[in-house]
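First chain A sits with chain B, and in the next complex the same chain sits with chain C.
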Partner chain A sequence: MSDQTHMHVEHDIAPGDEEQHSVGERIIGYVVGLGLALLLTATSFFIAGTDLVWQPSIPVALIVLAIAQMGVHLVFFLHITTGPDNTNNVLALAFGLLVVFLVVGGTVWIMSHLNQNMPPMDQFIRMHS
Partner chain B sequence: MPAAPTVEAMMLGKLDWSAIPFDQPIPLIAGGVVLAGILAVLIWVVVKGHLPYLWHEWITSVDHKRIGVMYILLASMMLLRGGSDAIMMRIQQAIAYQSQGYLPPEHYNQIFSAHGTIMIFFVAMPFVIGLMNLIVPLQLGVRDVAFPTLNSVGFWLTATGALLVNLSLVIGEFARTGWLAFPPLSELSYSPGVGVDYYAWSLQISGVGTLVAGINLVTTVLKLRTKGMNYLRMPMFCWTTLASNLLIVAAFPILTATLAMLLLDRYLGFHFFTNEAGGNVMMFMNLIWAWGHPEVYILVLPAFGIFSEVVSTFSGKALFGYRSMVLATMAICVISFMVWLHHFFTMGAGPDVNAIFGIASMIIAVPTGVKIYNWLFTMYGGRIRFATPMLWAVGFMVTFIIGGLTGVLVAVPPADFMLHNSMFLVAHFHNVIIGGVLFGAFAGFEYWFPKAFGFRLDERWGKLAFWFTFSGFYITFVPLYVAGMLGMTRRMQHYDVAEWRPWMIVAAIGMAVLSIGVICQIMQLVVSIRNREALRDRTGDPWDGRSLEWATSSPPPVFNFAFHPDVRGEDAYWDMKIAAQQQSLEHEEPEYHDIEMPRNSPTGFVCAFFATIMGFALIWHIWWLVILGSLGAFATFVVFAWRDHDEYVIPAAEVAAIDRVNLEERRNLVSMAGAI
Partner chain C sequence: MSMTATVGRAHADPHHIGVVVEHPGPAPKRTVTAYGFWVFLLSDIVMFSCFFAAYAVLVSQTADGPKGSEIFEQRNVAIETVCLLLSSFTCGMASIAADVRNRFWFYLGMTVTCVLGLIFLAIEFREFADLVSRGYGPSRSAFLSAFFSLVGCHGLHVSAGVLWLLTMMAQVFAKGFRADVLRRMMCFALFWHALDIIWVGVFSVVYLLGSGV
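The block that comes next holds the complex of A and B.
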């Protein structure tokens, strides 16, 4: 009766109606995630203090590891995947990132321009002395 | 060395008899009258034996319709409180020419702060959230919101915030800092009293409630839609609800964090926003407006949705440019996060920053303009019925265009340097908030009242209310535009400029006209309740509606729909009606099924009870009570989390009995329409 119209509902499952994975499967997922997260954390601490690599590359390496860490958290703990029922989650993440970028970036930019319309401080002091 | 705390200080913190303003008759009498009113109502409820009904059917209810109604009731009560503040301010400015008027400065300052705080947080917010709660699940064709009990918690926490703000009238004082409590004025050194603490804690607690409501409604729209209800088949009100609640989820944490930093400054000697020790007051302006500007759109987007529904219904046409409307809504949702600096152009930023934010502020007027044209084109060629909701919608379009134009004017940084903090600005934002949000709330109230209660509102009183409010608005606020042009700044307790005086007097007269509008609105309610049998809506479709909320009875049964409606296009219910007329319905009995619904829960009420205790204790530094309140709230949550039975079943026979009555009425309506 409503085969065409129903399609969308199948792709967009209500909370609590998700496909139930077996407990074992889910535990493996979390354990893998924990292992990866620990590995990345340990590597970060190791890199920060080592002199085995070229020193200026250390901050870059830390940033790369941090982004990888975020990726692990998103995939294994927050379950952001490319599955059909994940469009909402991905869009919500994108919206959140956009807002954080706008607010943090905007704030940094605004606050660094705070005193543009003030007279330069040395001039100000000379005026009042 | 500080003296050892006395027993009183440990038991009662800063609280003592000096907190009650015995020397100020106005708040004392007002508080006394309100208290007497509340006591009288309580006694009446108990004596008449309504308490069990109230407790089981309303206070512990997790039904989205009931919660929506309670939100709107809260907003209406607070509208009267905020309106009284407005009347007092208008009278003060009308008489305080070369004199002190009748309100001493510290009292006047509390009044304008309370007016702004109450009108935004406890009138506009609960009103639109109430309407969304009431209508969105019905429009989506579903039986409930995503998190029913959380919904109840959200409402009661909002009520807690409202209670604390009003408590400040008789116990202690309210903030004297304006509605956003800018530091350094709101810091401990300049506001040592409890006023700012009342402000901050009530907003923190009600902010949690708002966030919860936002999460709930976003999830509801994204996850709970009936069969065939694609995103691009949702009514406009659902789209604007989605956009508005996405903004709530994204923006309210900024408010919470900012106020938390202010509270750390005040309670624990931090220096986020102080003048000394590396604090930066401008960071507060920046952060509070990063929330504050999206907040404007949180309020007005649902109003846009209401007008879309109203204009389309009363023009008898599908909404013009539905997809462009969706696009405009989502564009506003994103751009609203790119304009917040226009609230402080004069702060000292350079031309680069000001120009970019000025241009972004002008750009956001474009999608809003798209919406206005869409409504106009919806009306064009339609068979327009000027019922009360439609009057509010047309009044909105005229008023909001003027407010929008003055908005584009102050979006130009050089112009803003002239108009910043002037009465022109006051007139501008009242023009968009009253003309946009309040007119929208009233339109939604008139439009959906029959759905919520099963009878229409009296049209004659409704139209009177509209015309008095509409004209009263212009008589009040056009003079404020003029006074702003004449250089009058906002928040003046008294002034010595003769040119401003006549405009202030006209504005006070306008306020009187506005008040008549409010009285008409109350009269409309009284008259309609008296004549409810004559105004009864038996079919559930009093306005010849187009969306699914009209496809069920008025008021809807607790389960909303006996069957999940099957949606085949936009204007789902309209299509069903057309199909029913063309195919001359076969009168076969549908097969009914059992329906599971969530059980009522006192969690929200109990949680808010402890939150009230906690908030009050925090304000007055009563630390043992803080611990008690937070433990209580946490325990409530734990008890709820470990509950065993969260649903009950309505048997198919009962569903059938309820649904048959409405089905019969509806068939009669269709067959009559077919005969004509």
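The block that comes next holds the complex of A and C.
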């Protein structure tokens, strides 16, 4: 008897699966996620086309809003949580994010340096004549 | 006796750091399948990050062709975004219906998801056809090559998702809510939600950031 409860406690939860909830609670979770995602999307589109805010802050704001919306999707739609039964899912996600940041950040970094240090030939000649 | 002690300590420290617990045996098949698919999705996202990196590098290499701000139409992108977001929501409703084995809501949710996905694809296809007919095809400049590969790759994923969606409806129709069908349905829901996450990156980085430059 106690063995069975023990086994129940130990198993991980599948990504996308939720802990035991009633149907109503699950639907509310999706509705909250949809509302937050719509709000963040609307803010993104509004910020991109407005003159109300300082222009150089717009790209940063867009990136922050995008990351926030991805977080909303992960929590409310994919049900990735910080719970103990979700450790494996979060670790896989963390490794995926590490690779994504290495690829994107590394590429942008290296290529911008190459652009600065190796300008096209005509520009190079203009610089030295 | 020792069992109760372990459970008691596990309760105090839910992550079991430094606590030796008896191995509970293999995880249920549903967990194993979904976890494997989750790892595939993450590798798919890594692949998309390469396309994003290529786009970020090539975005200014327009070869005297059009810039992003000259060819993007924000209104279409907004409609596409809302379609995909709502389809993610209805896909979630369909997976709840599958879990409680309610055929009517399952078919309804999947049908709405399918229609919204097809609207998204139609808008995207029209945008691509319009660009190509104006001479701004992928061979025009490095920027357009990167744009077509990134957005087109996402579009291909959505097309594959729609085919998978129809397969799932057919399987539920023919086989009912069997355990293996429910596992596939779960993987499909993960896939569809992940596509929406990638689209968040696409519309933010390509369309919104690009229209400002």
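Going forward, the second predicted complex is superposed on the first by the 83 of 129 C-alpha atoms of A that agree within 3 Å, B and C clash if a C-alpha of one lies under 4 Å from a C-alpha of the other, contacts with A are read in each partner's own complex, and residues count from 1 in each chain.
The rule is short, and it goes like this: a contact is a pair of C-beta atoms (placed from the backbone, for glycine too) under 8 Å apart; a residue touches a chain by one contact, two chains touch by 3 or more.
All figures in this text were calculated on a predicted structure; none of them were measured in a lab.
Once the two complexes are laid over each other on the shared chain, residue contacts for A:T41 go to chain C alone; chain B is not touched. Legend: residue contacts after superposition of the two complexes on their common chain; A:Q116 is shown touching chain B, with no touch to chain C.
Of the two partner chains, both chain B and chain C are touched by A:N88.
Of the two partners, chain B and chain C, it is C that touches more residues of chain A. In the superposed model, A:V53 lies in contact with neither chain B nor chain C. In the superposition on chain A, contact of A:I28 is made with neither chain B nor chain C.
Contact with chain C, but none with chain B, is seen for A:V108 once the two complexes are overlaid on the shared chain. Of the two partner chains placed by the overlay, chain B and chain C both lie in contact with A:V99.
Taken together, the two structures place residues 2, 5-6, 9, 12-15, 88, 95-96, 99, 103, 107, 111 of chain A in contact with chain B in one case and with chain C in the other.
Chain A contributes residues 2-3, 5-7, 9-17, 23, 26-27, 30-31, 33-34, 37-38, 41, 44-45, 48-49, 55, 58-59, 62-63, 65-66, 69-70, 73-74, 77-78, 83-84, 87-89, 92-93, 95-96, 99-100, 103-104, 107-108, 111 to its touches with chain C in the complex.
For chain B in complex with chain A, the residues that touch the partner chain are 146, 219, 222-225, 227-228, 230, 246, 250, 254, 280, 282-283, 286-287, 290, 334, 337-338, 340-341, 347-353, 566-568. Chain contact summary for the complex, chain C toward chain A: residues 3-4, 6-7, 10, 14-16, 21-22, 24-25, 27-28, 30-31, 33-35, 37-39, 42-43, 45-46, 49-50, 52-54, 56-57, 74, 78, 81-82, 85-86, 88-89, 92-93, 95-96, 100, 186, 189-190, 193-194, 196-197, 200-201, 203-205, 208-209, 211-212.
Residues of chain A touching chain B in their complex: 1-2, 5-6, 8-9, 12-15, 88, 95-96, 98-99, 102-103, 106-107, 109-111, 113-118.
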